[in-house]
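Paired with chain B in one complex and with chain C in the other, chain A is shared by the two complexes that follow.
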Partner chain A sequence: MKLKLPLVIVFLLLLTLTGTSIASAQDPGPEPTPSEDEVNRIAKNLYCPVCENIPLDVCESAACAQWRDQIREKLVEGWTEEQIYDYFVVQYGERVLAEPPRRGLNWLIYIVPPIALLAGGVLLYRLLRKSTRSTPEENVASTGKVKPESTPQDDKYTSLLEEELKKRQ
Partner chain B sequence: MVADVGYGALVITFLLCFYGIGAAIYGVKKKEQSWVESARHAMLLSLPLLTISALSIINLLVTDQFQVAYVASVTNRSMPTYLRVTALWGGQEGSLILWVWLLSAFASAVMLRDWKRDREFLPWVIIVCLVTLGFFLILIIFVENPFAKMWITETGERVTSIFQPGGSEPFIPVDGNGLNPLLRHPGMIYHPPMLYLGFVSFVIPFAFAIASLVTGRTDDRWIRITRRWTLWAWLFLAIGLILGARWAYDVLGWGGYWGWDAVEIAALMPWLAATPFLHSVMIQEKRGMFKHWNMFLIILTYDLMIFGTFLTRSGVLSSVHAFAQSAIGPLFFAFIVLTLGTSLWLLSRRWQDLKSETRITSLLSRESMFLINNWLFMGILVVSFWGVIFPLLTEALGIVGDTFPSLSHIFTGQKVTVGPIYYERATGPLLAGLLFLMGVAPLSAWRASTARTLGRAIWKPFAVSLVVLVIIIGGGIRHPGALLAFWLCAFVTVVTLYEFWRGMAARRRRSGENYGLALWRLAARNRRRYGGYIIHLGVVLMALGIIGIEIFQTETQGTIAIGKQMSLGEYSFTFDKLDEFDTRDGRNVARAEISVFKNGEFVETLAPRRDFYYESGQRMTIPGLRSTIEDDFYVLLVSWEPISAENATFKAFHNPLVNWLWFGAIIFILGTFVAAWPEREKQYMPIKTDQSIATAST
Partner chain C sequence: MTEIQMQSNPDEQNNAQGKRWSLIFVWLLVAVLLLVVGLQLWKAQLGVVGVGEVAPKFSLTLFDGEEITPADMEGKVVLVNFWASWCIPCEDEAYELQSAWEYYQGNEEVLFVGVDYSDTNTAALEFLDKFGVTYPNGPDLGTRISQDYRMQGVPETFIIDQEGIIAYVLIGPFQSVEQITTIIDALLGS
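Entry: the complex of A and B
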């Protein structure tokens, strides 16, 4: 950053000089408009096109600093958030988005996990149903009755616990 | 010379693997125990050999042998000795050596156990361990050799090779590149070995599972033998993950600890398969059910562990094209296909033998709760796996678009990013479901639980948790997700403490012990159960930290002049000064000082800084951190005006409750110690014949 900052400033100056007339609307006052938080809010949702899996708001490379400045530029020019995202996608491809856009092949990322979870759920439910439905009689037959002592109703529980503890000693 | 010794030891170990596998198979075929014994000795001999190999690298690292390419890539003359030693796992080749050494050490420890009751398992455990070891040795010897040296050929070309090419001269750099500064943090020094400890120790339960499948001794013996082992493996993996998270929080400078990065997920996935395994083996032990499923889970854990190593070691994450460039990717891929295929084939052969001995009799019983737990964990695993794989798929499928231009609009071959939003949205509800189960399941009984019995057990803790909820609402929190999450935490805590109380009170009434002694003896007698509860409490505390950061984190960034103030919520800080200086170890440090105020009152001076490493050109952002049990105030120095240092840009994060994550992690680790501490082997009462125990034990 140390050495790159002047470069960025020069870059910004060049942009303002050669850019569109709207760029001159940038106020050189002490409070930069838009604020850094506003820039970060958008940068957070964009990924550095050259690094690996790093959002623009935390990326420390000089290139990312320039991209953040681009976001600022666009905000100054009155672009909406969506327009800025679209601009980055056109420039650098879909990988700059924090999530794949919902179209085409990308739908797979959104539908496969729920389908798998649902399928697992159905399987589990059927297994449990099948299993529980066919057993109560056997159960009653083998043990006399289905014991309700699983309740923590104290004395029974206590004695069972103690019994067990004794056995383990 | 030292390099040749180390390399020679590797090659001999590799040959030894072949011998051991052959001897074990021959011993089984001919029913000759002496051959199996010989295979066991081969396994044991691998440890001293690999120790020689590892010590050789360490020797090269600490003595500036820069002709060795690995040494030059991870050390330099200015590094202190302890960092040179830990540079063993600072790079690809060295960390693979650590991997095989650990595997050899664990396998050797297993070899030394008393095999009297499990003779038939021995050859197969040896074979599985040696096959795994042999595979990693292939990677090391033929692809990622840490002993390879650099040479200059007659044509002036620089080559890296273990043997001196004809007519070449040794190439000895004046100094090495040095270890990546990010890896010099204590968290990164302990994190990889812990993770590897966890990874590698899962080979052992897998080996026993395979032995059980092959030999047809399909009772739960293999589970009983490896139960503690699996817990330790699981613990080490968890510690590795937690250390990694802490490292990210302290060093990476983005205000968080977990970014759902593919490398992180690679380490998380085996844990996501092992956790349901630890739960569902209990059903097999108690009720003789789900034997197929447990086999499947341990096979999955093993292959996810190999897969995790593959993801982080093959370069496939940066681009699928890197996969084809090095042999390491295809080798891993082949090994995963081979082990997964063989294991599942063995499982299918034993399908009939593994039929459940009993059935689930109630939807609300403990065993069905464990099944739902397994289902939710598998859900999180699918989400994670798919999120990691999908970008690779979209990139790889570009080949379809290239071959059939008419399909190129669908198969663009463009890589996509799957960021944290995807994972958070998908795993949030599943994690909430798991928390809920942690509250309900301890109160449900094995085998028979009805809505009425469960309701009777649950209403008291439930009511108390609602009171806590009302208090939280009274405290001003309105976010629905946060309220649900906090309520779940309260519910689990109350249930867990209630369980302790019930057990303790019961003991006390019987024996007249005081509360402390009753609690101590209770936990000592049934360590897995109460250790498990302590782990649950740790998880709840960790959940508080996660909720804090996920829902309540706020941040701001701004550029201020010296003496000026910036604020974020209750906090504000003034920029006091900024110094820039060079250090002896080759860094340029920019260190800001800020005074932090909370509600207008001065609380602390912080010094966020930025280190610039001249030789590697790398930067490191160290936050200024004020940490309390209530919240963390985390300030980063983003940039500053050079020379005058009058203006600087800061980024501040307010991370409520995040400290509970680390605190909870400690409880979690303690709980695992309680559950996993060795005790003498004993025969548990089979539950099937005595239902009374079922209702009183886990």
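Entry: the complex of A and C
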């Protein structure tokens, strides 16, 4: 009897689970309605085809509402995110994509800004280095202040340099 | 001392060469960018395809699945109307366009083509149904046709003569049926 009770419980549990799964398989239930967040997650990666530079998720025009409805419809039909983007490209052109495909002249968008940033950084670094390396005479000319010609640290480096030169001779 | 100078010379040369190539690369990049921006600006200021220009040829898959090709338009007076369901002025001219189309029913020399710009099919079909539009209509997939016509906005209408030359351009809606028929009749020589 002690052994039978747990077995009965396990059996009943299994029966309940199987019954639930069969019921869920038989009754698909109402079609899932995508939430606003789900629609907007896709809409934010698309731009309104008729208004300038407005992402679809924040666009308030009637046309944008239609496009968001279209995204919702496609999600209900079981379309994937990629399929929806492809559909929008076919319908309205690549200009609707927030992130243009990486090909052809589009590459300029991805290449130019980092290169410009890097080049700017290098230029700034070189300018700063040049300004710190300027001669005492230049410093006097630019700042009007006279700086000491050498510091104890300079002397240390000079002597080290002289020693190195002697070794080479 | 001489030895040191001799050692540093190739380095300096390499540096100078590197600098030169960097400069060439940067200037090339700037030139390409300017070219792209310039081309876009040039295209933007061109405006719509004008009267007297050759009408861009196009094929259009209609909402009912049929297709209109350049061969269907050859030798005919063709009215190409760009519209959208979200465009209020398009509603204003829908009646005029449909009435004009009905006026030319049975005339094989006249063809009306509605090009639906940046629209959803559901809304477009509702629009056509609402205004009882029966002339061929289809979506401008990828906005290729409107780009070829350098369309500025909807509604916009181009009337093409039998030779394939743009004879009339209207930016905005038609105000009356006569406005349409007068132009087409003149082209038909009637």
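The rule we apply is simple: the second predicted complex is superposed on the first by the 87 of 169 C-alpha atoms of A that agree within 3 Å, B and C clash if a C-alpha of one lies under 4 Å from a C-alpha of the other, contacts with A are read in each partner's own complex, and residues count from 1 in each chain.
Everything that follows uses one rule, which is that a residue touches a chain if its C-beta (ideal position, glycine included) is under 8 Å from a C-beta of that chain, and two chains touch if they have at least 3 such contacts.
Just so we're clear, the structure is a prediction, and the values are computed from it rather than from any experiment.
Undergrad: I'd like to know which partner A:Gln91 touches here: chain B for first, chain C for second, both or neither.
TA: second
Undergrad: Going by the touch definition up top, name the partner, chain B or chain C, that contacts more of chain A.
TA: Of chain B and chain C, more residues of chain A lie in contact with B.
Undergrad: Looking at the overlay, does A:Pro100 come into contact with chain B only (first), chain C only (second), both, or neither?
TA: First partner only.
Undergrad: Is A:Tyr47 in contact with chain B, with chain C, with both, or with neither (first, second, both, neither)?
TA: Only chain B is touched by A:Tyr47; chain C is not.
Undergrad: Once the shared chain is lined up, is A:Pro55 touching chain B (first), chain C (second), both, or neither of them?
TA: A:Pro55: touches chain B, not chain C.
Undergrad: Does the superposition put A:Leu108 against chain B (first), chain C (second), both, or neither?
TA: Once the two structures are laid over each other on A, A:Leu108 reaches both partners.
Undergrad: Just checking: does A:Asp37 make contact with chain B only, chain C only, both, or neither of them? Give me first, second, both or neither.
TA: first
Undergrad: Which of the two partners, first being chain B and second being chain C, lies in contact with A:Ala63: first, second, both, or neither?
TA: Only chain C is touched by A:Ala63; chain B is not.
Undergrad: Once the complexes are superposed, what residues of chain A are shared between the chain B interface and the chain C interface?
TA: After superposing on chain A, chain A residues 93, 95, 105, 108, 112, 168 contact both chain B and chain C.
Undergrad: Quick one: which bits of chain A touch chain C in the complex? Just the residue numbers, please.
TA: Per the touch definition, chain A meets chain C at residues 49-50, 61-63, 66-67, 69-70, 73, 89-93, 95, 105, 108, 112, 115, 119, 168.
Undergrad: Quick one: in the complex, what on chain B touches chain A?
TA: Residues in contact with chain A: 253-255, 259, 261-262, 317-318, 359-363, 368, 371-372, 375, 378-379, 382-383, 386-387, 390-391, 394, 397, 409-411, 414-422, 426, 430, 443-446, 448-450, 452-454, 456-457, 502-503, 506-507, 509-510, 522, 525-526, 555-559, 580, 588, 590, 610, 612, 619, 621, 638-642, 649, 651, 682, 685, 691-693, 695-697.
Undergrad: Note which residues of chain A are touching chain B in the complex, please.
TA: Where chain A meets chain B, its residues are 1-3, 5-6, 32, 35-37, 40, 47, 52-53, 55, 58, 60, 65, 93-100, 104-106, 108-109, 112-113, 116-117, 120-121, 124, 127-128, 131-132, 134-136, 138-139, 143, 146-154, 157-158, 160-165, 167-169.
Undergrad: List the residues on chain C that touch chain A in their complex, please.
TA: Per the stated touch rule, the residues are 3, 26, 29, 32-33, 36, 84-86, 117-120, 122-123, 139, 141-144, 147.
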